[in-house]
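Note sheet for the following structure.
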Amino acid sequence: METLLEFLVAALLVMAGIFGFVGSYGLIKLNDQMSRLHAPTKATTLGVGGVLLASMLHAAAFEKYVSYHELMITLFLFLTAPVTANFIAKVHIHRQETRASMPEAGGDDHWATHDTPEDEERRQTAHTPPAED
Amino acid sequence: MIASAATFAFACFALALLMNLWKVVTAPDVADRILALDTMFINAIALMVLYGLALGSEIFFEAAMIIAMLGFVSTVAYARFILRGNIIE
Amino acid sequence: MELLVASAVGILTAAGIYLILRRRSFPVILGLSLLTYAVNVFLFATGRLVTGAPPILNKYQEVAYTDPLPQALVLTAIVISFGMTAVVVMIALGAYLSSRDDGTAMPTETDGAGEDA
Amino acid sequence: MEHLLIAPVVLPALVAPFIIMVLRHHLDLQRIFSLASVVLLAAVSLTLAAQAADGTVKVYELGDWSAPFGIVLVLDRLSAMMIVLTSLLALPVLLYAIGSGWDTRGANFHALFQFQLMGIMGAFLTGDAFNLFVFFEVLLIASYGLMIHSGSTRRFQAGVQYVVFNLLGSTLFLFALGTLYSVTGTLNMADLAVKVAQIPAEDTALLRVGAVMLLLVFAIKASLLPLHFWLPSAYANAPMPVAALFAIMTKVGAYSILRIYTLVFGPEVEATAGLTEAWLLPAALLTLGAGAVGVLGSKKLGRLAAFGAIASMGTLLIAISLFTQTAAAAALYYLVHSTLAAALLFLVADLVMERQGQWIQPQRPMPQTGLISALFFAAAIALAGMPPLSGFLGKLLVLDATRNANLAPWIWGVILLGSLITILGMARAGSLLFWKGHGLPADEQDPSKDLPADSLPAKPAQLPFVACFGLLGGLIALTVFAGPATRYAEATAAQLYAPSAYIDTVLGRTAE
Amino acid sequence: MSLFLIAALPFIGAVFPALLIRAGRNAAASAAGLTTLLAFIGLMLHIPAVFRGETVFAAVDWLPGLGLNAHFFLDGLGFLFAAMILGIGLLIILYARYYLSREDPMGQFYSYLLLFQGAMVGIVLSDNILLLLVFWELTSLSSFLLIGYWKHLPEGRQGARMALTVTGSGGLAMIAGMLMLGHIAGSYDLSIILQNKDAIQSSDLYLPALILILLGAFTKSAQFPFHFWLPHAMAAPTPVSAYLHSATMVKAGLFLMARLWPVLAGTPEWFYIVATTGLVTMLLGAVIALFKDDLKALLAFSTVSHLGLITMLLGFGTKIAAVAAVFHIINHATFKAALFMTAGIIDHEAGTRDIKRLGGLRHLMPVTFAIGTVAALSMAGIPPLNGFLSKEMMLEETAHTIWNGSHSVVPVLATVAALFSAAYSFRFIVHVFLGPRRADYPAQPHDPGTGMWIGPALLVVLVVLIGLASAKIAGPMVATAAAAVIGTETLPYYSLKLWHGLTPALYMSVAATIGGLTLLALHAPLQRTWNALPRPEAKPLFEALIGAFTRVSQSVTEGLHNGVLTRYAAIMITFTVAISYLAYRSGTLGAETRQIQDPGLLPVVGWFALVIATLFIVAKHRNRLLSLVLIGVVGLVVSLSFNYLSAPDLALTQISVEVVTIILMLLALNFMPKETPVETPALTRLRDGAIAVVAGLGAGGLIYALLMRDFAFPTISDFHLANSYKGGGGTNVVNVILVDFRGYDTFGEIIVLGIAAMVIFALTEAVLGSKVRAYLLNREPDLPQAGDAHPLMMVVATRVMMPLALMVAAYIFFRGHNLPGGGFIAGLIAAIAIIMQYMASGFSWAAERQRYPYHAIIGSGVLIAAATGMGAWFNGMPFLTSDFGYLHWPPLEEFEWATAALFDLGVFLAVVGAVLLALESLSRFAWQPGISSEHAMDINPARDEAAKTGTED
Amino acid sequence: MKLIRRLFPHPLLTLLLTLTWLLLVNRWSLNSLVFGFLLGVLIPFVTQPYWPNRPRLRNPLKIAEYILVVLLDIVLANIIVARIVLFKPNADRRPNWITVPLDLKTPEAITALAGTITMTPGTLSADVSDEGHALLVHCLDAPNPDAVRDEIKQRYERRLMEIFE
């Protein structure tokens, strides 16, 4: 049992190390900016996740205490990683793309990052704004 | 076994950290820099948790959690700065 | 390890001072930040370097602790320098906005006097 | 009551937050509370001074932790004198600020003023080296706000310099404290004294570096050449009542040098012997020289006053740098004098600047010119060290105390020449400001003078003059009662140069 | 009357005129006159004692530690001078009442005059030489005010400053001299100093002290080469000239030489310095006086000459010469004051003092003519007037004086001087009063009212009486005063009478008179020659010198304090490093006592990251955003290092502070240039780099040396570790130190933070209240702005995060006492949670939802911390004494309470308030009218839906 | 009832926060529970103004299912992305933008969807359209963009619709 747990912890750590490395390596290897954004947002979460799992398991198995609070870290990462990615993508769209270089925005005119104050004004007058959102 | 695995993970994340730093310094565009810094935060969290695991101590958990929570804030601040100039408007 | 910390303090100090010797307020503030890191690490290190011995008392067994006092001092120093940095940023911004110039030198004023009594 | 010892710190520390919490939008109440606080501070300080007058040393162990493990406040003659001086300076300055309306020209004046006092009081009372740093920071950060109070381009620009320079000083303070702690393992000043006296020879190099860095920190505050560069434009561009209050801030540096270099690194301590001899006195002489030349070379009134303050610091530092008991006594008398004199000069400068701008140039006669010129004359002779005011006596005391020094001819020469140049500068300024304008034809008003738009109230306020005369009264009292004042200074110096009572009391060794 | 009162009366009197001037000019004058008269009478009451040869004392200790005491004494010399000062003072007060015009502020005048009078009386009555110095400098100051009295006249202002400069610097030299003198004598009291002649003259300090004291005396008494200020002081109103520059102030130098004569005179040094100076001055003054067309200038140089004469007499060092000096002091005072007043009358009535425009006034101003003529003849040394008597004595003494082996130098030069003296005196009579009446006087001359001429008339009566019956009238005075000068010994033989027989002096005197007449006859051609001669003019020289000195001061000051912060900082750093290095070199550094620790992989990686980031900050600092990103890296690594090196609290604090700092800097950077231009030349950068490297080596070397040695003594933190739990109730020793052992530091620290926020708020108000506001409102963003200011995802994410973050803050707060954390870090986290709302949903939206003013939060934090500290008082314990205990409320487990937690709550609130106030203030710069949206998100399909369907949530 | 609603504006949040507290203190005890609950009540109450119009969750049980699906996808995503990063030459990759029209309306739901997309295989939400009716997604390697779009709508948006609207 002990060996199994040990193995599990070790495996998690190795996996975490690999994913962590891949996330950062992708940042260097991938050749376009939007693609580079994929690597860390995914790989590192599992990298960190692996470490956290290993840590929980290790504590439970070898340090004689049960540890859940690593879950908090995971929670925060899951909550924040998409927002971070969203913002960096917006930076990319803002700096590298134009309205023309982007795909159609469904039924709408364009993407939010390319929204100018004039557009906003036009929209504001189109609908009467409610008091609270 | 755990020790070697941990050393391996240490090396991976440390290497990752240095690669991130390299990217922060050399990236052609500011978006990549912010991304690299954000990745650095995440690798740092991993390193810290690993270190706690290696020492068998919980003492580093809070620091890791705080980085997870706050690293995001500075990343967003940098990005907002580029997008809008005003980070609070 | 001592060499690493000492050289880090040295490099941070040197970089900080080099930036403080620039002529615009922004790099000067950056330099002050670096110098603050340097002095905080310096002050921290005066308790000597110990790994894996945080000064959190262990009620159950005798363990070694690192010197807690410099840590407390550095905490105070961090907070104070944070306040100072905030103020200097504000003042630099005020100076820039009111003169549209972020040079740190006082510009000479047109002379109102100069004649003798 | 033994808790009285902490009152000078706690009182403003309560009043200030109360003001920002409750009275933020009630100027009159702010003024009343601020004034009441200062009056109460003066009363407390005087009571404490009475307690310390017989030479007893009182210790207040914060948190009930005894020295050297906790922080202690220590009251002796020197600290008592300094807190009395602070509160007696604060009162007229505050009256002036209220009377002139300076307190309305920006936000949070009264709260910052109280915090500033708290910092100064704390610095004078503390017996702990790191706590001294903390209170230096309190007084500094409050001073940053007060210096730029109400803003203006030049005030902000000067503020950048002031803050950056002092941040360098604060950093150096930490380097010094770290070094001292790292060698001695303690932070309490009395305990440091004990440890430094027994330091093994092989630790002296590092100890000396710490000691000298600490001295340089204080020298920055005391505006010793070449560390004084922060002062001229900061003081000259600060609101003048604030600069008047700042007259005590340079004294914090002087006080700290006196304190640490008699208590911890006293002249008898072998480990730190010869640390200052080679350069401190020459630097002090240069300070006086630079100050005096600056008075003559100033084109603006604020700068003139600032350089006057530097010159007076030069004289003070000359006396301190000898590290003898007699010189210390002279220094203490001069310290009180120069604080009041510099403050008076700043306030008078404000009276003038409010009416005719900051340039030293001929102007049409201004309202109340007679009274103002008389006050300027008094301030000028006080700061230049001319009779009959206390500056002359202080100068004589310093000259007398330095007569046996190695560099005595230099000291005397610089002090006397410095006085002469200061007199020349003051005479030049007074003549331009108050006399020459009488020759101007009515229409030949200089357009370049930069009057504040809403400078003068329709009915001139009395309070600013009350404040000025209060300070002048202080100078006169210091002159008339020079005998008792110097006796107090001598007793204080004697206490400083016999620190064992201080050390024993702080470390609780009297009982044994 | 007590000497105190005599000395004090003029000062008391000085107050009245200024106060009484509203009651009218007469009131002011009467007040001045009455106090002077009172003092004069008081003085006269001492006549019996003084003339008996007694000395009257009055002493009060003032600054005994220094030896500066209010010790006064009155002997013959003092009496003589005091009588002159007060007596002539009375006449001047009377004269000035009529002399000054309605436009002149008379109250001021009398105040200054009495101030001066008091200072003079003080000088002559002082027994203490330090006290004398006080009065001495006071005369310089009051005379400055008097000379500059006519503020509108440039000559007045310049003359005043010149007089102050010259006499002031002399006075300063004298301070040094007096201190030396007192040091040698062992006392600053004259009555003791005067007993110590041998000690003084044999001292090494004698010569320096003598020179310094003489500098004071010579400058005051306008001796060559310091004589030039006196004529320029004539820009003062004539009463001032008459009083200060003939009768009193200029005599102060003479008084001092006479006073110290017993102990200083009689040495070769004294003789050569004093007598020679006097002789040269006498000659030079007389020659120049002859060629002055301005009456007052003529009289001024004449005064210079006569002062030289007296100085020379004192310099001879013989007793009989000293008697002559005293006698001439009296005589000169009488005729010269009369002459000045005469000149003043002429100026007043004829409208000019230019001799070239005068002449023939004897018909128009007979009274003035009579007074002036008698006084001038006395000045010329014509018998039977008093001037003749003392001049004879002087000439007689010169005849016996050997100068450097020569018997003739002194008498010949003295005769020449007397000759010129006679010449200019005659010229005063002839060119002003005699000759034909002119048609072109600027005003119609006539004798003035009695008030104006009565003063000089009285003096002239004295001139005649002393001349005719000198032994009776002046004899006792001369004897008493001379006795005081010479000392307690008996006086030498002398006789005060007109005819001494055919002495050498008589021949010299006759030669002088005849020569004088001849010179007058040749005056016109001589003056042409004189005017053609190149000669240095003192005033332009002096003005040029002072002007140059002022300009040098200006350029030195502006050059030294050139406003370049960079240089200030470079100097400060270099100085610090140098002094520290010297301190290091002069001590001993023992061998290392600690082992170097082997670093693992992590520290090396961290070190590389830190070094690379730091170096790149330096290299790339011009790109400001990039440097901020890199600063983030440095902060992260430092934080990780703290964690690694057993300082979890520091790591937490560092990382939280880091985030807020970066937000702060980004807020500011928005308004600032995004790039730093290259400004410094490569050489400067090299210099800066060198300074930086040296400082870095210093800091690094220092910490390395410290790290490799153990503490010299056990550290106080052993106590903290041992007592943290049992005394402080916490297991996190760092936190216990912060809130308990050194809670007072923390109290100061939160106040620093609170102040920082208040300052930022106040400065924001100041900036936004200025014209910058308009600039900000019209400011275009530096870079193009992307759309969607408040992205939907961000808003939603922060809404979810806020309660979670606050939960974490609470967690960090409550565990702080026992585990890493505490109020400060919790405060930062809470603040950041709120700041996220600002960043996500916008300033106005978030600010609207903030119910408690940040100022109040800061205030409450500080107050709670203080109140917790004060709570201990009720237990009879000192400020900040903590308490803790355990509570058990079933069914809950036992839990700990500690007052430290309450203190930490104060810390928490102060931090939250401070961080938010600071950030909110900075955010206000970006505020534009119209950007405030009532929506948290720019894009919200749910909102649009609701608007379309009209269903509101 | 009104009072209870005012005191417990968000019972679910209170629950979540109480759980968070227990996770944080890492101790399951009555003390922790009570204290966590107190904070769980207090904090939503204090922060109420910052989260107006909180959406009603129609079907909270579906959340668990959704989370499991996503977690599984995340593991797969990591492996896929790792393979692409490590082994696929840049030239062979087909990065692409796709537009996902949205049926979701509430911001919370859209955010959940966007977050899911970012955390799952080879896709990343980059932006929303100017009126919020479409989501811009970037694919790391998507030879067939329409398939990706359909999967997103099927696998995630449908489930979220059930939870939120």
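By letter and in written order, the chains are A, B, C, D, E and F; residue numbering begins at 1 in each of them.
Definition applied: contacts are C-beta pairs under 8 Å (C-beta built on N, C-alpha and C of every residue); 3 or more make two chains touch, one makes a residue touch a chain.
Computed from a predicted model, the values in this text were never measured in an experiment.
Colleague: Give the fewest steps needed to get from chain A to chain D, where each step moves from one chain to a chain it touches.
Modeller: 2
Colleague: Return the chains common to the contact lists of chain D and chain F.
Modeller: A chain counts here if it touches both chain D and chain F, which gives E.
Colleague: What chain is most central when centres are computed from CA atoms?
Modeller: D
Colleague: Return the chain pair with more inter-chain C-beta contacts, choosing between C-E and E-F.
Modeller: C-E
Colleague: Measure off the straight-line distance from the CA centroid of chain B to the CA centroid of chain F, and report it in whole Å.
Modeller: 22
Colleague: How many Å are there between the centre of chain B and the centre of chain D, using C-alpha atoms for each centre?
Modeller: Once rounded, the distance between the two centres reads 48 Å.
Colleague: Just how far, in Å, is the C-alpha centre of chain E from the one of chain A?
Modeller: 67
Colleague: Provide the C-alpha centroid distance between chain B and chain E, rounded to the nearest whole angstrom.
Modeller: Chain centres of chain B and chain E, defined by C-alpha means, are spaced 59 Å apart.
Colleague: Any chance you could list the residues of chain D touching two or more other chains?
Modeller: Residues 130, 134, 137, 141, 144-145, 148, 151-152, 156, 160-161, 164, 168, 175, 178-179, 181-182, 187, 233, 299, 427-428, 431, 435-436.
Colleague: Enumerate the residues of chain B that touch no fewer than two other chains.
Modeller: 10-11, 17, 22, 30, 34, 58-59, 65, 69, 71, 76, 80, 82-83
Colleague: Using the touch definition from the top, which residues of chain A touch two or more other chains?
Modeller: Within chain A, the residues that touch at least two other chains are 18, 25, 37, 45, 67, 69, 72, 75-76, 79-80, 82-83, 86-87, 90, 92-94, 112-115, 119, 132-133.
Colleague: Touching pairs of chains, which are they?
Modeller: Result for touching pairs of chains: A-B, A-E, A-F, B-C, B-E, C-D, C-E, D-E, E-F.
Colleague: Quick check on the complex: what are the chain A residues that touch chain B?
Modeller: Residues of chain A touching chain B: 6-7, 9-11, 13-14, 16-18, 20-21, 23-25, 27-28, 33, 36-37, 40, 44-45, 47-48, 51-52, 54-55, 58-59, 62-63, 67, 69-70, 72-73, 76-77, 80, 83-84, 87-88, 90-92, 94-96, 113.
Colleague: Going by the contact rule set out above, which residues of chain A touch chain E in the complex?
Modeller: These residues of chain A touch chain E: 72, 75-76, 79-80, 82-83, 86-87, 90, 93-94, 112-117, 119-120, 127-133.
Colleague: Could you please specify the touching residues of chain C with respect to chain D in the complex?
Modeller: Against chain D, chain C makes touches at 20, 25, 28, 32, 35-36, 39-40, 42-43, 45-47, 69-70, 73, 76-77, 80-81, 83-84, 87-88, 91-92, 94-95, 98-99, 104, 106-107, 109-117.
Colleague: Which chain F residues qualify as touching chain E in the complex?
Modeller: Going through chain F, the ones touching chain E are 13, 17, 20-21, 24-25, 29-31, 34, 39-40, 43-44, 46-47, 49-53, 102, 104-108, 110-111, 114-115, 125, 127-133.
Colleague: Could you pull out which chain E residues touch chain F in their complex?
Modeller: 787-788, 791-793, 795-797, 799, 802-804, 806-808, 810-811, 815, 837, 841, 846, 849, 851, 891-893, 895, 936-937, 939-942, 944-945, 953
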